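Below you'll find the structures, each written out as structure tokens.
There are two complexes below, and they share subunit A, which is joined by subunit B in the first and by subunit C in the second.
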Partner chain A sequence: MINYLIRRIFTSILVLFGVSMLVFSVIHLIPGDVTMAILGRQKVSLEKVAELREQLGLNDPIYVQYGRYLNKALHGDLGVSIRNYLPVSKAIADQMPSTFALAMSALAIALSIGGVLGLLAALRHGTWFDTLIMGLSVSGLSIPTFWMGLLLILLFSVKLGLFPSISNDSSFADLFLPALTLGLPEAAIVARMIRASMLDVLSKEYITTARAKGVPERMVILKHALRNALIPVVTFAGLQMAYLLGGATIVETMFARQGIGRLAVQSILNRDYPMVQGVVLVTATIYVLINTLTDITYVFLNPKIRLQ
Partner chain B sequence: MKKALLKGLSVAMLIGLLIAACGGNAPAVSSGGDLTIGIAVEPETLDPGDAIYVQEQFLIMNLFDSLLATAPDGSLHAALATKWEPNAEYSEFTFNLREDVTFHDGTPFNAQAVKASFDHINSEAVLESGGKSLLVDHSYVETVVVDDYQVMVKFGASYPTFLRDAGRQWLSISSPAALEKFGQDYGRNPVGTGPFKFVQWDAQSQIVMERNLDYNWAPDFAAHQGPALVDKVIFRILPEAATRLTALETGETLIASEPPALDAISMSESGKATVQSYAQPGVPAILMINAAKAPTDNVNVRKAMILAINQVELAQTAFQSLGAPAYGVISPSTWGYSEQSASLYKYDLKESGRLLDEAGWTDADGDGAREKDGEKLSIDWPDNPAWSEAFNELLSGYLANAGFDVQYRSMDDGAAYEEMLAGNYNLTYMYWIRADPSPLRYLFHSEGINGAGSAWTNFVYADLDAALEDGDTQTDEAIRKQDYITAQNIIMENALVLPMFTINTSYLNALSVQGFTFDIEGYPFIYDISIAK
Partner chain C sequence: MISKSSTTLFQSNSPGVRTFKRILRNRSAKIGGVLLFILIFVSYAAPLFTDKDPNKTVPALALKSPSFEFPMGTDGIGRDNFSRFLYGGRLSLRVGLVGIIIGALLGTTLGLISGYFGGWLDALISWFTDVLMAFPDILLALVIIAILGPGITNAMLAIGISFVPSFMRLTRSSVLALREMTYVEAARSLGSSDARILIRHILPNSIRMLLVLITLGIGSSILAGAALNFLGLGAEPPTAEWGAMLNSGMKFVRQAWWLTVFPGAGIFLAVLSINLIGDAVSDAMAGTNVIPDKK
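Our next item is the complex of A and B:
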């Protein structure tokens, strides 16, 4: 098992190294000159462009630039934005709490709404209620986030005036619409997963045995069936959390929220190399870290993997 | 009957005069409240000396004051300076300063602060900014502290527009104590003397300012004196136009900047909001034509291009009633505008065709595009669509109607700039907001060819260079005006630019917003705005 853990952590580090290299190379291969993005369209002279390139270290060979970047990154220094000269790590840290609050709320909505509806659909398998829930979940999955967001804004902000259409902080009112927009499609997936998983477990012999032994139905469902049915959902939740922390770009943009996704988009548009590299590196690190943790947790939960 | 009418008129005039007197400089009672404004672009800095972008000036003008202030009619007024005196060459300017002004951090405003602010702009700490180009391009020498409340700003060359520029946001005065305290972070911790104090800046979310209760030095053309009328101004950063509109509709913001024209008009017509629009002075939206590359190296081809464009329809289609057509190289609200140069070309497809025929470009094979010696009449236009998405297809369509084969090449700014340096273009987009025509030198003097400036027309003509040089240093206003009229005439007679529309700035306001006016460059004058209860 120790071998497995070492192997798993080593692979993660390798992935991160690959990501940083890829991001660094790709962004330098895009045509165009970052100095022009900084200087804008007003009066610029070639001298000024050259001066700025030198100052930003853009004249060094690409591997020197990469080496310098990686060395600093390992010391927690992700460089300075070439757009507003703010430290990249600080800019990311400033945006992280907002993304975290949104991701957690969306996940809570997904698990609670999806969980309850999936469970009820499984218990009323084959009835009109089951069909309705599955129909709704297909809609939830098919409607694009930006459209869902628009509909929710139209109803809750414009018509009813209950919640703000632009979201600033992490209060309930400010989080409600963005979290719902982000959480509903996830809830649709959770509902389908729980329903399928429950139906599978409910057909197992040990459930029939439990029922035959006279265990109350509520106990059969909640203790024996649901616990086992939740295992795939836990894995899913772990992966989704990593995905959501990577930044819900569309939702953050629609509701003009602070967040890591919006930061990524703005940095790309501004050709702010250090910021893009920092955001992608941090997001990839979160993703890889949560993935690794999920895998490690699985080893403890599922003895089969340990034996392999 | 006549007597009664006269009497009535006199009474009306008297009432009018009384109202005008009250409206002039009377101290207004604060309406209070928070003014939330949806802005499209987040500033990069609030250090006036380090700023360059349009969106920064709108915020900076509320936090800072300049030595002078320009009224909407273009006249110069006292601001932080009470008196000003240039030397005969217009290279040294002496300013007497107000003695009752304090910065938001409590430190006093004095001659030392003016020197510190200008020296900061001129220092290595500022890489490239609007203020820096104003000072450096005019060979800034130094600011001399004559006494506590008198300074002399010295330049190495004549700078006849300095007094006008001293009223711009880029040359606002910062607190020397704050400049020293915050160093590189000053842009995020600005301290000025303006009607609002900086409170906080949450990246990607909002910038908050609160009323400066000590403020008592507004320019005399303002509608009131004393502190500003609203308690707080909150600039919400809302890059999506749809989000800005929704936020206005739900009442979460009271002003939306740059609304899409159609939505703005429809909201205004339904009585839910009011649209405020202002045609900004300076160089309107133009396409600079490369006179050094075929086929636009031929003056008739260039003229044919201009004649093929229906500017009225173009402005109307792209901006509805919020847009206005442009026919010259500077817009009518700019000082020194030449009506003559703007009357040379009016949409005339027939004349355009005749000029192209004369230049030898004909459509022999009947495919719609003209040819000469087997070559198509191709126009190369490398461009970032972010600048031209509102009009590029329409414009290409007009040119195609006249027989041009427009090759619009979509790319980002950096790539487009490289193409321009290599000379691979016939057209390039340009505009420049400025109340004075002086940017023409950067855009048309031959010293700015090949990227040394922005003379992308590559047109070398001694008379044009001479007029632009003299305009830059001439101290006699009448001669200076004539210089720019000459320059505009030369530019348009040689068809060096294709004028399209004036740059209009628009704001959509909630009905409760009162006292909304624009400053001379088209930025809302928030100081005079109040919110009706």
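Our next item is the complex of A and C:
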């Protein structure tokens, strides 16, 4: 098991190394000269171009530039925005809590709604209720997040006037629609997973044994079946929390809500490359770290892997 | 003569035909197929259904609600929403299809090379795809757009590249199992070149699993394309595209519901129809796996 852990951590470090290289090269892969891409069609003096090249550190050999980038990034310095001259790391730190609150609320919605519906569908396997839930779940997977968000705005905000369509803080009212928009498609996935996992566990011999021993059905479901059926879902929840950080991009843009996803889109549109690099690097790093932690937790949770 | 040959074909017992028949029998595949056919037909035969130019602006007719003349109303600058919906469908469907084709071509090639040759090449390609997988959801596509700049062609490329890891991994794992098969060994001992073995013997046997991934992937690809367009990183105005139409319709969500409901429904129905077909394809392929389990 120790070998597995060491190998897993080593792979993650290699991946993070690759991520940093890819993010660093964003600025060098832009077709044409990056300073021209940033300055666009503005008429500027040669001094201004030279100043920008210096600011971006483009005059050094590429390996020196990468070494400096990595060293600074490891010390928490992600450069300075070329649009508002604020430190990138500060901008990200300011936006992160909002995205985190959104992702967590969406996950809570996904697990509670998806969990209950998936469990009920499994218990009523083959009935109209099961078919209905599975139908809703395919629809949930096919619905574009941004369209569902707009429909929710039309219903809850325009027709019923219950929640604001622009959301800016983490109060319940402001968070409700964005979190629902992000969480419902995930609920569809959770419902499918729980259903499949429960059906699998319910067909196991130890469930038949428990029933044969006369254990009340409620106990069979809650104590014997559900606990085992939840193992894959726990792993999924970990991965999904990290995944939602990326998914927040559309929802944040749509509800004009603060957050790193919206910051990423705005920076791309503004050609603020240091900001784009910073946001992408931080999000990908969090994603890799959570993935690694989830894998390691899974090893501890699952005796089959632990004993290997 | 014709009827005889067609009967022979119909009664063929080849696994491919059997699988295809199984897909045709599936109810959700039928619903999905009909739905998809209608969407493709109305998009590509748009001039049959409307004679209005999707880009012609008539400010005096701005924000008209749906009526006999404008079945889906008009937008903020008086363009006919119905013809924009029909013509927009072409682009949305094409973005999805081209995106997945790019992903499948690149990913499958990398997977074939990685799985067949192994060694440092495998390690390098696997590491590269692991790095690509470190970007959650739409983030990888955003990075690529940041590099290439916004635009519809770049959006297709970005979506394609974000599908590379899934195709690479699937092909690689299938090649790892197939390259040990006796018929591959036989081909090798007969002196076939690596390229011939990969293309003639290994690829055809991986194609079924790839087909499942492609069918299911088209739906995700359409969604990703619409998302990039919705974020303003794809089609340039005034091009009609469902995601971009939703973006411009969002400003009028309080006054004109038709500008958000119809284009969104287009994306939803397209993705739903493909997911229904995809589920049927994956059900039909289950149990017809040509690669034996390694035990």
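Assume the second predicted complex is superposed on the first by the 286 of 308 C-alpha atoms of A that agree within 3 Å, B and C clash if a C-alpha of one lies under 4 Å from a C-alpha of the other, contacts with A are read in each partner's own complex, and residues count from 1 in each chain.
Definition applied: a residue touches a chain if its C-beta (ideal position, glycine included) is under 8 Å from a C-beta of that chain, and two chains touch if they have at least 3 such contacts.
These numbers come from a predicted model, not from an experiment.
Asker: After superposition on the shared chain, which partner residues are touched by A:Leu226: those of subunit B (first), subunit C (second), both, or neither?
Answerer: neither
Asker: Could you say whether A:Leu202 touches subunit B, subunit C, both of them, or neither, answering first, second, both or neither?
Answerer: After superposition on chain A, A:Leu202 lies in contact with neither partner.
Asker: Name the contact category of A:Gln266: first (subunit B only), second (subunit C only), both, or neither.
Answerer: A:Gln266 sits against subunit B, while subunit C stays out of touch.
Asker: Name the contact category of A:Leu14: first (subunit B only), second (subunit C only), both, or neither.
Answerer: second
Asker: Considering only touches as defined above, state whether A:Val158 meets subunit B (first), subunit C (second), both or neither.
Answerer: After superposing on A, A:Val158 lies in contact with both subunit B and subunit C.
Asker: Pick one for A:Leu119: touches subunit B only (first), subunit C only (second), both, or neither.
Answerer: The answer is neither, since A:Leu119 touches no partner chain.
Asker: With both complexes superposed on chain A, which partner does A:Ile82 reach: first (subunit B), second (subunit C), both or neither?
Answerer: neither
Asker: Is A:Thr253 in contact with subunit B, with subunit C, with both, or with neither (first, second, both, neither)?
Answerer: Once the two structures are laid over each other on A, A:Thr253 reaches both partners.
Asker: Give one of first, second, both or neither to describe whether A:Asp94 is in contact with subunit B, with subunit C, with both, or with none.
Answerer: Only subunit B is touched by A:Asp94; subunit C is not.
Asker: Both subunit B and subunit C contact which residues of subunit A?
Answerer: 31, 37, 153, 158, 165, 253-254
Asker: Give every residue of subunit B touching subunit A within the complex, in rising order.
Answerer: Going by the criterion above, the answer is residues 38, 42, 44-45, 52-53, 127-128, 130, 133, 184, 187-188, 202-206, 236-240, 243, 246-247, 249-250, 252-253, 387, 411-415, 417-418, 421, 430, 432, 442, 448, 450-454.
Asker: For subunit A, which residues count as touching subunit C in their complex?
Answerer: 11, 14-16, 18-19, 21-23, 26, 29-31, 37, 138-139, 141-147, 150-151, 153-154, 158, 165, 242-247, 249-250, 253-254, 264-265, 267-269, 273, 276, 280, 283-284, 287-288
Asker: Give every residue of subunit A touching subunit B within the complex, in rising order.
Answerer: For subunit A paired with subunit B, touching residues are 31-46, 48-49, 52, 55, 83-86, 91, 94-95, 153, 157-158, 161, 164-166, 168, 253-259, 262-263, 266, 271.
Asker: How about subunit C: which of its residues touch subunit A in the complex?
Answerer: That would be residues 127-128, 130-131, 134-139, 142-143, 145-150, 219, 223, 226-227, 230-233, 243, 246, 249-250, 253-254, 257, 260-261, 264-265, 267-268, 271-272, 275-276, 279 of subunit C.
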